[in-house]
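Okay, so chain A shows up in both of these, paired with chain B first and chain C after.
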Partner chain A sequence: MFKKVRGSSLAYILILPAFALILIFTLYPFGRALWTSFHRINPVLPGNPFVGFSNYTSVFSSYYFVKSLRNTLIMIGFTVPIITIMSIAISRLLIENFYGRGILRPAVLIPWVIPSAITGLIWQWLFNGSYGAINALLSRMGVISDYIPWLTEVLTAKFAVMVAFIWAQLPFPIILMLAAMTAIPSDLYDAAKVDGATAFDSFRYITWPHIRTMAVIVIIYETLTAFTSYSIPYAMTGGGPGTATSMISYYIWSLSFDQLQFGKGAALAAIIAGLSLIFIFAIIKAIPSEIMLEEE
Partner chain B sequence: MAEVRLKNVTKMFGDLTAVDSANLTIEDSEFIVLVGPSGCGKTTTLRCVAGLEEPTEGEVYIGDRVVNGVPPKDRDIAMVFQNYALYPHMDVYNNIAFGLKLRKMPKDEIEERVNRTAELLGIHSKLDSKPKELSGGQRQRVAVGRAIARNPKVFLFDEPLSNLDAKLRVQMRAELQELHHNLETTSMYVTHDQVEAMTLGNRVAVIDEGVIQQYAAPQEIYDYPSNKFVAGFIGSPSMNFLDARIKEEGGNVYVEGDGFNLLLPDKITDPVEGKSGKEVTFGVRPEDLTAEQTVHEGDETKSFDTHVLVTEPLGDEIIVHAEVGGQEIVAQLDPRVDIEPHQDVTLFADMDYIHIFDKNTEEAIV
Partner chain C sequence: MGGENWKRVIVYISAVLVFLFTFGPFVGVFLASIVPETALITRPPAWFSKGFTLANYRYIFTGDIPKGFATKGTARSRVSQEALQIPRTLANSFIIAFGTMLVNLIFGSMAAFAYSRLRFPGRGETFMFILLSRLIPLVALAVPYYLIIQTLGLLDTFWSLIMIHSVLTLPFTILILTVYFRGIPEDLEDQALVDGCNQFQMFLRVIIPLSLPSLVAAALFSFMLSYSEFLFGLLISSTTSTKPISVVLSSLSNNPDVSISLLNSSIIVAIIPSIILAIVVWRFVIQDLILGALKG
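Up next, the complex of A and B:
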């Protein structure tokens, strides 16, 4: 029977299962969400009338949209560069052969295996204003005299959420960077040493050219993750104080499932998807083309 | 240019002794080769000279200076690596210029040196290419060029030709020889290929298990291997080793084994005289065996009666694998002799070039 199916038809048959999964779990929901964003959907009212762009305009003009978008962008602006730089620095340390590396390397992955809602709760406890470990530590070290209400002040709450987010996000970029660095032949470093390179020269001329493509991937990935981050801020602060740590993805949830305005929620989701695309293109555009074109 | 000297250099990795008290002097402008099987410590020895490894004990001298603890860049050496180790993101020009730039050499001098080196190695048209656009031979030339451009006191080569195909290897070998002839820079060259060792080295150090077994001119190593390891490692096909014992009879000294009883020529009997009955290993190179059509009287004291197992005709020679008294013997013969598998053949040994090793210590006796 298989003999009859040849060439391209066999290829289509073989990709069919994968395509079916994408169709059911990605394309259909996406299309359905787009459809929803152009209709008014209310579970208690009959009918789903077409409303054009009115969901979009109402989302755009809402105070909460601007506020949460701003919070999200601030979060991206701080956390993504820090995560990228820290993942390079930590990988650079972990690639060295030192005593205890066997324990430290897997330990770095721990944040990854903790569900993000739990991560949020752990950090909420650490940053707690009255019994949090961070306040206890700082006051015992004599750095602060009064406990800081981390999660209930605007600036410190933003800071605390970012710390937790960075902590939770670091493992994956570290793995990517470690993989990229492990692939660099050690001969190159030996050759550079003989040529007279300092540690900084070695990093600049050998390590960096080998990992910069990966750095771009990390930046894109972390930007998107920060853009859709939801559970850590929500578990730590519930978006507060006020709207200080409300993220845009939390707003989708709130519109859809709190206020049951599915059309507006879907419109916001579509807007975020569009913005994400713009982000990716902007990042790729901003990076010299030779980096993206490199095979190595 | 400078002399390089290793004095009791030992390198341990944990419990493993990679180099065991190596003593080696490379004279000014000499080209020496470290040869041995993989894992024998030859590369580690080279890396100790480069400064990429620190010896656990002993001193490394470059010129009159002890360089222990001196970083590679301050040793005035240049190294060529097995995998070329070209910087993949730089073009050929910058690969060669990199070391010069880091040394803050003026720009016009760098340019002059890179151009001169590229001219010398025939890679001038490739200066703008990235390493991945080059063939294996061209990459190797760039790697050599990077070393030459620096004009160092010592060249260190770590198996530089082992990634090239056989034909290119022969060509590059000749080029390296010519290069050394022109530059006369003191050179240390690591290889596992005995042909490279024999052809390139003014002197060759044969290394096994971290110990220098013999350090001498190539021909001397071939003619007078100091022990069984060196005898078996240098020469292809390898020397034949047969279990035997010394026998004295009627004022003559024989070396006797299963299926042979060879009379030792007078000039080499001194070291074995009075050692009748001593168990030894008898060694004869395949190229020192011949097959004669006619056997004369008395010939049995210099010949083996063998049974041929396999023949390998190579055109210019024929390799015969045969059996004598249950031990294998390989002979490299004139291709025009008519020998077929499963035939009985008498092989003659050139008794002036035979070797006898102590069976226990494996040191050469004759």
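Up next, the complex of A and C:
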């Protein structure tokens, strides 16, 4: 080990710029949000009186909170398993040798780099009820005779938002799964073949044990993302029809910036942060220990 | 042998399906950007009946109003001056993303060097803090971030967005650079020190050249995240002199004076850099760094 260090001052100078920046932009917002959540902050009313937990209780008991939390949980319940299974299947496909693999591999990555606000715009047009591409294509193929109002009916709007979310979220899990699958020594598969194992057997006994940890990471990461993101549904449907696609994180935005009820917005943010913390601890438990710094 | 053939068939069918799902939306958006508005909104759909035109692209970059604008009735092309903001805001997005990338490379590699090579009190704790800071939901930080930027007098400046985007990307940069730096053999550094280099020279001449792939990775990821970011761009930037393109596109989509084909042309202009980036990320980062490192 490298021990010729003159004290620790060099280390502190090196980490200072990055650490200070992150510290300022983490501790202050955290404290500020917590303080706000216990006060009534309203630009129209004078003073910022301390109101205890009343912001929290009024958020918890609001109709919109229950509704948007339910929508968010339904979204998680459908999209996270689908994303996980699809990412395993597509990664399995991408490690095969086939003509065109060199095109498909970067192609599956592209949705990842599209800004999510733009992803919402693209899918809003694709699913548009009167001139969208999906209606045009389906009617051209003779599948439908009347255009489907995808984004203005409760069930189809939920469906459309989930499709767009899955599309945008798939690339990152695919990369993780691909990395995990590439790391599996190929002689394991050769040996299994010699022993007469079926494709299902080699997936069950060789592939799966090697990607299990990654699958857990993907599930938790995607749950966290689905829980805190709202830009795609917001761009596509504005949360509608009614409240059918309203997400819990968007409720923070709407409380704070549309209704200017910063106290309630902060209380909801704290509630969401608390719930996220549970996911965070789960992530730490699941992450392979070599990623974290080993302390000797 | 029959089994092998069936496998080929399944591989190719699923490859085509995956390609259609991930890339199909872009094909739709691109087609809609080069056909006249009238072809898009007729029923039954007749996208290819009216020829192709690049008029929308010409309008975005030169301000020449498309010919379809003169058509009478609902089918005429609608244009808005707002679309003319695209070239300027595209440049803004690049400036912000480039600044974020530089901050990440300089501050990130400094911190990562300290965490990978030096022992100092608080090393594990500060590293953990940096990693965990990123897991707080963004929307919960919006108001406090706005207040910090306001206090610093940096509203509507490039600096503020570069700063915020750096806070969001530095944890990831520091993580991947630390992991990578740790993999560089320390003999090389000892050799450099014996040859009379000081620690700083050693860092510049040994560590930096050897870790070029991971630096490229960190640079591209931070660029990409910054380019995609929407929420803080919306909050902090109020004029076209600093607005990122994602914000302009989202307001274009709500502008009734913008035709479908003009909006789709704008989307294509905005995502071309992302698509190029995806190909570069795949070629130089994932293929070589992640998959290559695991195989080797």
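In this text, the second predicted complex is superposed on the first by the 252 of 296 C-alpha atoms of A that agree within 3 Å, B and C clash if a C-alpha of one lies under 4 Å from a C-alpha of the other, contacts with A are read in each partner's own complex, and residues count from 1 in each chain.
In this section, contacts are C-beta pairs under 8 Å (C-beta built on N, C-alpha and C of every residue); 3 or more make two chains touch, one makes a residue touch a chain.
A quick note: this is a predicted structure, and the numbers were derived from the prediction, not measured.
Between chain B and chain C, C touches the greater number of residues of chain A. In the superposed pair of complexes, A:Pro173 makes contact with neither chain B nor chain C.
In the superposed model, A:Trp123 makes contact with chain C only, not with chain B. Of the two partner chains placed by superposition, only chain B is touched by A:Ala197; chain C is not. In the superposition on chain A, A:Ile252 makes contact with chain C only, while chain B stays out of contact range. Within the superposed three-chain model, A:Arg105 lies in touch with chain C and out of touch with chain B [touch as defined at top]. Look at A:Pro233: by the touch rule set out above, it reaches neither chain B nor chain C.
Of the two partner chains, neither chain B nor chain C is touched by A:Gly263. On chain A, the patch touched by chain B and the patch touched by chain C do not overlap at any residue. Considering their complex, residues 185, 187-188, 190-197, 201, 205-206, 209-210, 296 of chain A touch chain B. On chain B, the positions that touch chain A within their shared complex are 50-52, 71-73, 77-79, 81-85, 87-90, 98-99, 102-103, 132, 146, 150. Taken together, the chain C residues at the contact with chain A in this complex read 7-8, 11-12, 14-15, 18-19, 21-23, 25-26, 28-29, 32, 40-41, 43-45, 47, 106-108, 110-111, 113-115, 117-121, 123-124, 126-130, 132-133, 135-145, 147-148, 163-164, 166-167, 170-171, 174-175, 178-179, 186, 189-190, 193, 199, 224, 227-231, 246-247, 249-250, 253, 260, 263-264, 267, 270-271, 274-275, 277-279, 281-283, 286-287, 290-291, 294-295. For chain A in complex with chain C, the residues that touch the partner chain are 1-5, 8, 10-12, 14-15, 17-19, 21-26, 28-30, 32-33, 36, 89-90, 93, 96, 98, 100-101, 103-118, 121-126, 130-131, 133, 135-137, 139-140, 147, 167, 170-171, 175, 178-179, 182-183, 199, 224, 227-228, 230-231, 235, 249-250, 252-253, 256-257, 262, 265-266, 269-270, 272-273, 276, 280, 283, 291-293, 295.
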